[in-house]
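Here the chain labels run A, B, C and D in written order, and each chain numbers its own residues starting at 1.
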């Protein structure tokens, strides 16, 4: 049996798109397994994700056939394998809870990824709590003076490993605009979120000082607009006056873990489509 | 501009259904506003909900045209107006928080319903906290001996008012099998839910005695299988050892309110499709 | 049997406070029903709430006896009746969902309050969905030019009715610094909260435009620092790309309702103590 | 500086207990860091947890002094070190997500425990995804015929290692009544929880077949009453019709992880007191 494929597309909303797209698949003998669409009434944009069994048709033939049609509709589109693990580069600093969580989920088959590199600005010993197995580890220290050079090295590793996704798993360095642009659309970051928000260092301590009653985390695509890229997933939970800053950090770890892992899973399964500054997330 | 319509359907899953259905709408000049589908891989069943602008086409003409096609596909289907308020009969006993909440939501336009009757086994004074406005109130007391007769009266009111939906808004009487069958698929009940569950009277007191750390509520369609009908919506929240049974009852009211209101909204917007003992809920 | 009392206090943390306070109550024959304390390690401040049965002792005698002791400990303290309803002034503009919810909770006995006045900058018809019963309604329109005068009228009503608590139940006017200071510590506001936050008008539309995946609400004491007063309670829930701004407004209503009602309940039950810019909330 | 201590106690509720207990600590020069109490109005039982700085006093001297007083009050009590890691035996079968999560939390200092043994009815290879480091691993296979013998071996390991807590981290064997009794009060189990509940094998598949809209997990003390011991912590989250049984299993892992870890943390910090079939949990 041939492997299932995933078609994702976005385009201006016009009558007949669903009929045409699903008609195309039907004519090529494909069988739809899962389909979701979203008509954005405000921007008049259309988004679709279809997982389908191609039957006899090859992915290449389908791509070739779809291309002409897609061109007329001004579509952004992609036909990808559903089961092929995506090559992922993981970046981390001193706190390795997100890294450990992602690697464990990968090992038990929860995340269909192929970790091609772990990059850290700290040496291997800094994340000694995490079993990274055979995944190549790259220690690329960074200072204000060496930032350009270090980022070039990061790009080189991403290029050499053909990384399809870069996950900033608590990588505590701000990417330059150039770097953010280079990884645009394929780089996911996790950061704390609070009501209200806090800028600057030690956000959990700031949140504690402010006396918030909830803390949360946001996973988003990295753009040149720091921490303001399209949001993929968020979660939050209640805290109380009795929670110390350390308690908040501890609770924050759990929220960060699950929010980042969920965002990575959604991305790997081609469930996240960009809609300007926002995302369409077909959760399934 | 003509009013938007909603097509809902379920049928055995076969290649081409989406293409055929959306093709049909396209040929008739209809413009899709919102569409969702679900392919149940286990039962090989297909479910779809499409909100669309019929352009020039009349609902009647579309229904006539769709019927032949639907027959061949063994479809359960329906084409309904999106904006027409559904006629709803509300049933209540002594606790009126769900009733008050539903009526308020109706008044501010949150629920597109037309409350055609309020039926209670208690007199009007029992729910004196609720402003029922001009909605006709029917006091139909019930005893073991008069249950058959009372239920016949309830059916009569439902028939006379052409009630499309019956909401048991904390109506504390168990419907007979006959009554449950009569209202099958159009009667929503709310009940408390706990981990683990409790049978019998005073469930919040039982939950307190057991020492559970969460309480919840379930809205479901009424079937002849008591409290076991297809689930539409559920929610739960944390409690602590310091919560008395009264605290649980208070917290339970809030959960019941929002779970029932959400289930009613989903039903009124034709977002709930039956899938055997289960539901497919297209949340939008 | 005499009515239960509630002692709340805060003071610098010193050895023996708990022993001294509970010893005082024991010597006066009082029986503790519920007690909570919090030692803030950072500010070295101590907070306590004790609900107790005074047995034979009168509240006045206890207050007199406690005063000398409290003075030596630099305490902020209060001995209040547990069951006496607090006099509450409710302020509202055009959206009356929070008002309706508070009044319903009061009627069924969930909130131990005595609503002494409803003040609105809009006429009675603006909140026609809400049954305000016999609660006096005051229409006090406001313009830029009449703001001083209107606020003086509001203060006059608060004074005449001896209002102990002012609830801004979606009152869409910004209080002047003078007004905020006048009601300091006894005025609760509700506002939307988002991750990240948004300033200015139409916040739900801004949140939708930003593509957030959660919305929430915050209840806080009003201070001269707009929307930045000590937070009493917060809650949030998940949304999706398919939620329109109207959907967010609808979901926001539910969150605002329950967050404000909970904050009011906590305040009425003397469960909220100020800790600088923050609160200590003894949830029970 | 001497190490902080934790006093936990429960006894019949009588006037003056708080005054006497805190007076005792005050007289011995101890400084309270954190204190919580609960008066169970139904059972007239009193519960208290006090973390305190003993200043010059030794734990032994305090215990000796407290014993006489405690005897008169019919107290169950304990004075324990706050920082000493508790010796913990971890039991696991084939699914190691809870084990991996607990060990990671231990390594980064989140759980103050000393893992003295890992016991599994499967060989080491079954949990190859987990880095168990130097923690001794014991493979103790079990069959119907060898259950008595295997359980004796488990008890022997617990005795030899002086295990203070036994955590069933997805150990898929039902303990005999004898074993449950032997570990009574010091053995925590995690199991799935649903609304409604399901008995028997493959619960996530049953939940899917029933069409529930929420799944959850419960951590509880093991008693001879299977899955019915005193509940320590619970959590739940929403699911949809589109979640396959595999999706439920995946989501269940996350809930199980955090619920079990939280229950273990609460126990290790002496925050859980037994109240008959229930628990009093002083969350801090």
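The rule is short, and it goes like this: a contact is a pair of C-beta atoms (placed from the backbone, for glycine too) under 8 Å apart; a residue touches a chain by one contact, two chains touch by 3 or more.
Since we're looking at a predicted model, the values are computed, not measured.
Colleague: If you fit chain B onto chain C using only Cα atoms, how far does it have to rotate, to the nearest 5°?
Modeller: 180
Colleague: Tell me which has more C-beta contacts between its two chains, C-D or A-D.
Modeller: Higher contact count goes to C-D.
Colleague: Counting residue numbers used by both copies over all numbers at the interface, does the chain B-chain D contact come out same (over half shared) or different (under half)?
Modeller: Same: most residue numbers at the chain B-chain D interface appear in both copies.
Colleague: Distance from the CA centroid of chain A to that of chain D, rounded to the nearest Å?
Modeller: The separation of the two C-alpha centroids amounts to 36 Å.
Colleague: From the C-alpha centre of chain B to that of chain D, how far is it in Å?
Modeller: Here chain B and chain D have centroids separated by 41 Å.
Colleague: Which chain C residues touch at least two other chains?
Modeller: 34, 41, 240, 242, 283, in rising order.
Colleague: Which stretch or stretches of chain D touch chain A in the complex?
Modeller: 34, 97, 100, 104, 107-108, 110, 129-131, 240, 242-243, 247, 250, 253-254, 258, 283-284
Colleague: Looking at the complex, which residues from chain D come into contact with chain C?
Modeller: Checking each residue of chain D against chain C gives 15-16, 18-19, 22-23, 25-26, 29-37, 39, 41.
Colleague: Please output the residues of chain B touching chain D within their complex, sorted ascending.
Modeller: Chain B residues touching chain D: 38, 40-41, 193-197, 209-214, 216, 218, 228, 230-236, 238, 240-242, 244, 275, 277-281, 283.
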